[in-house]
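To keep things simple, chains are lettered A, B, C and D as they appear, and every chain counts its residues starting from 1.
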Amino acid sequence: MIQNDRLRDIFAKALLARSFEARLIKLTAEGFLPPLLHPGAGQEVAQIAALSALKRDDPVLYSHRGVAYMIARGTSLSAMIADMAGRAGGTNNGKGGIMHVVDLPNGIYGESGTLGGGLVVSVGMGMALRRRDPGRVVVHFFGDGASNRGTFHEALNWAAVQKLPCIYICENNGWAVSVPTSVSTAVENIADRAAGYGIPGVVVDGADPDAVMAAVANAARRARAGEGPSLIEIKATRLLGHYAADPQDYRADAASVAQRDPLAALRRRVIELGLLDEAEIEAMTAAHEAEIDLAVEAVKAAPPLDADQAFTDLYA
Amino acid sequence: MRTISYGQAINEALAEEMDRDGDVILYGLDVAAWGGIFNITKGLLERFGPERVFDSPISESVMVGAGVGAAIMGLRPVVELQYADFILVAGDEIFLKAGMWRYMHGGAFKVPLVVRLPSGATGAGPEHSTCPEAYVMHSPGLLCAVPSTAADAKALLKEAIRLDNPVMFFEHRRLYQKRDEVPEGDVTLPFGKGVIRREGRHVTVVAWQYMLSRALKAAELLEQEGIEVEIFDPRTLSPFDSGTLIESVKKTGACLVVEEGYRRLGVGAEIGAILMEQAFGYLDRPFRRLAIPDVPMASVKPLVDRVLPSVEAICDVCRELAA
Amino acid sequence: MIQNDRLRDIFAKALLARSFEARLIKLTAEGFLPPLLHPGAGQEVAQIAALSALKRDDPVLYSHRGVAYMIARGTSLSAMIADMAGRAGGTNNGKGGIMHVVDLPNGIYGESGTLGGGLVVSVGMGMALRRRDPGRVVVHFFGDGASNRGTFHEALNWAAVQKLPCIYICENNGWAVSVPTSVSTAVENIADRAAGYGIPGVVVDGADPDAVMAAVANAARRARAGEGPSLIEIKATRLLGHYAADPQDYRADAASVAQRDPLAALRRRVIELGLLDEAEIEAMTAAHEAEIDLAVEAVKAAPPLDADQAFTDLYA
Amino acid sequence: MRTISYGQAINEALAEEMDRDGDVILYGLDVAAWGGIFNITKGLLERFGPERVFDSPISESVMVGAGVGAAIMGLRPVVELQYADFILVAGDEIFLKAGMWRYMHGGAFKVPLVVRLPSGATGAGPEHSTCPEAYVMHSPGLLCAVPSTAADAKALLKEAIRLDNPVMFFEHRRLYQKRDEVPEGDVTLPFGKGVIRREGRHVTVVAWQYMLSRALKAAELLEQEGIEVEIFDPRTLSPFDSGTLIESVKKTGACLVVEEGYRRLGVGAEIGAILMEQAFGYLDRPFRRLAIPDVPMASVKPLVDRVLPSVEAICDVCRELAA
């Protein structure tokens, strides 16, 4: 069982991620931000729990679903908004928007915009860690849909046969845009694919942060000990559309899905455990909103990126 | 004549060809239940059923490779890659399988495959924004269509589906909503025949798709200054209608290519080389290119706008050339 | 157990394949043919047994290892030599050499020169068969090395989820050129990867034609019944080098491997079973050599391909 | 000066750089125990051990993608793809990952990756025979080296390994045995600086690698006819030394590009366009290209020879241009 202060921290970060993302969506609807965010609502608790089982500087390649990975690591909110808004103060100078947030001190190593592209990159990161920085581990998040890319197979085989310090976390939310996992994927559990690489494959409930943390901690221990990679499948819940304005016509459970919100469950739990009460959570939420307000204001006050930034950062 | 959007025109072409020929099938990410993330395949699942219209796993190598396999066995697959950039994700399958399966097996097979490729800069970042026609045009065995109007999109797609060779069919995303007159009925257009979109005597501008609309705007502005721009839309890049272009350049003596691909070894490079080889005596001013200045497409709009050839830039070059 | 006449036929074809390949190697050493053949010696019995479990017009995408696939189907010997030699009378007009033999009446659909490239093509062939010619099945052979390409994963998943009539036969000969399978591959049995696609995965001994035929027959039955693809792993023996002139310095078992020759084992067995005696086998061999002589002579008498063939066969 | 082969020169460059910098690692198919199917990496496993020199699975996407990952974390990987054609098998990783990882993450990373690419026509069939430099040259973010001599191969590879940008390093297989003078010691060459291999005043021929040897032969023959050919070897294609070329063309007034890639949108197309834009007044005869005539490379030798630019063809074009 997760210690109470850890659980409280996971909850607080997930709450911040939810509020922050809601604000981004609002700013998108208002036209201040471009509509390029894939909301992570429903998946934050597991994402944050997973990262809380690692060290702060263990490198992360994140998935496109949401911003909780960055929140978990403490990336500046205003920097992320600036990335989306094309203002000064972002992390990637307008090059990558919210898809390519980078924050090396906090171990955020960005993302491949082509799904599955990060899987192969992570293998090399593992090689380098083993050689230059033994004991560190790289973690790569990706979706169930991306697990059908050939890169999944190549990367897991290679990482396994060379026993690289890599953790592969598949967030199976049942959908790839409008395509249900059952239509695209021949197995129910992506974790079963671990058998093809002789590595551990475990399934955990994305609403159960204890289970997620335990699985990742175990994978990290293995990886740090030179025993190679692990595949962890998180059964996740995509509460919203593929992107914020997705009408989700294809989705029968669109209305009912909110009842499966892991953050709501965690909220009940922290209250039950007496870690926080409703009033404290409200205060926390208000503090988050204030923090977000500040970040938004900072970005609105920042100058737009110089358009000539289009020409920088290509060659070292 | 009725007007419909470029997107609708593509939808009509698909529906008509699937109606006409039971061997035409359609698959890709989100093309069935959703009707395509750009809404191009709406209604086709309902009309032709899940055996002929289906969603696929995120497996671009199979998307294209299976297209080759299905085509050599007598189907006529139409595959949608979600973004044109992804031809590089399925590189072996596009360039070495679709382009070469027939050749390397001594002509034993036909490969009637169409890969639909939504392209163009919409701020979706470096891997979801490009116009990668040059990679295709460089590669033997592949045909390449770049329709600029709704009517052309419909007629060229119908032709593409009927051709026995693999076609990379670029659909510019900024054109999907654009409405044009489109004739009813079974109209096709041959590959390799471009069209003069506007006549003029001072400068020939070659442009297609989104850049064509900018070139046309520039021509209107320049008209007021007395500069008459002739605009050539090649419609297909492989094959490329150099004959019509050369005729135009013989008349104007100057040529500018405006494209949304990278400049270095972009389509304009080939056009320049063709002119140098075949219209050398007729060009009396330096050949010019406007293109993406060899940087990836950034994610935020001002940076994207900075690298897209602008109407003003087109005007400027035309003025120089007409001077 | 395979019926006797079937076993005799498999043996006869394997014997022919062995002699034919030896001749190709000799002609290569003499400079008449280019050194592009990957000898299949040691793998013929299983290749032929596998194909003898299928119908003659079930399409085959073959692997680069040897010529037994074509021998099994009855492709003209002289046509194959002509393909290598660049003479008139071949199957691919000089375009593909021995790597891209095509013989549609006998169901030989060629090969992808990039390893794993055929895996994805086979998926579409399966789609087309199901729609246009239900009851037929496509079979794709590939090596253990190729099973580490991403296309393996994408193809098997897709074929499985759409229940396509495909049979995947991995000939695991323990090597990819100089790289042992254990260095490149995280599992001992490639067949274990079937678990990642919810399809049957079986391992068979490449020296046991009964087992090979049974496995393929079973896979074919499933495929024809609409139950989807299967993965069959043949434990195979590469008797010779990656290519004929390969010095095989990297290989400790280079000298002893001949003792594991499945064709020698089958020879003993057909003799034991009384299907053939030594004299009959010698007569058979002599007849094969004569057939090969004729084929070689025919090719030597054929004109070289017109070099302008370089320009044909690109567009339909 | 001592002479060593082009292959040995590459081997020396690898050994010296691995010696100098413990972050340089080397992997690929058969590069360790075997020493590379073309024998280029012989002895390196023994010398640097299996942690730094290792064989890989047949997983081209990881071969390149892991190179990017290792490079951004501080290693300097040198990856051998077995055939240059396979850049298209690892298309996403070469073009969208190696070329763009730095850019799309706002310059946070360096990508000191070298991909060694044995190229060229040896009758190994359509997928194992090409010189796909044009795909690379078109793509932002990638550097591209095409060494033609043993000395250049060594010096450019050493430079490539030290550069902080991804380099596609083309090694022509027909040159591996070719011996040349190679200085001992730590010599590097800058990228973007070509060299005049032979001076002449009538025609400028641009050629590299195997085609350079043909161009040089043609020049010798033509000398006897009084035609003086100047030969420019660009050494790297990205960046491309247009300055030196333009100087040469200013002198000769005529230019022929001879290349082993496909003609349409081949490297020659870009060179033609550059000349048209920047040396327009100086060229007084049509620009010419000799290249693969837009068919895949067949498998049998006479067909391959038919499409490779020949010494005679080079002579013929030079004669026309000099006439």
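Miscellaneous remarks
Assume a residue touches a chain if its C-beta (ideal position, glycine included) is under 8 Å from a C-beta of that chain, and two chains touch if they have at least 3 such contacts.
Keep in mind it's a predicted model, so treat the numbers as computed, not measured.
The interface holding more C-beta pairs in contact, when C-D is weighed against B-C, is B-C.
Centroids built from CA atoms put chain D at 30 Å from chain B. Each chain gets a centre from the mean of its Cα atoms; for chain A and chain B, those two points are 36 Å apart. Centre to centre, using the average C-alpha position, chain B and chain C are separated by 41 Å. Residues of chain C in contact with two or more other chains: 92, 94-96, 99-100, 112-114, 117, 148-151, 154, 157-158, 161, 183-185, 314.
Contact with two or more other chains is made by residues 56-57, 59, 61, 85, 89, 92, 96, 103-104, 125-127, 140-141, 295-296, 299 of chain B. Taken together, the touching pairs cover every possible pairing of the chains.
Taken in their complex, chain D has these residues touching chain C: 29-30, 33-34, 37, 55-61, 85-86, 89, 123-128, 293, 295-296, 298-307.
By the touch criterion stated above, chain A contacts chain B in their complex at residues 34, 36, 83-86, 92, 94-97, 99-100, 112-117, 145-146, 148-150, 176-179, 183-185, 249-250, 304-305, 307-311, 314. Interface residues of chain C facing chain B in the complex, by the touch rule stated above, are 59, 90-96, 99-100, 102, 104, 109-110, 112-114, 117, 119-129, 131-132, 150-151, 154-155, 157-158, 161-162, 312-316. Of all residues in chain A, only 148-154, 156-158, 160-161, 183-188, 192-193, 195-199 touch chain C in the complex they form. Remark: chain D residues 23, 25, 51, 54, 56-57, 59, 61-62, 64-75, 77, 92-93, 96-97, 101-112, 140-141, 164-165 touch chain A in the complex.
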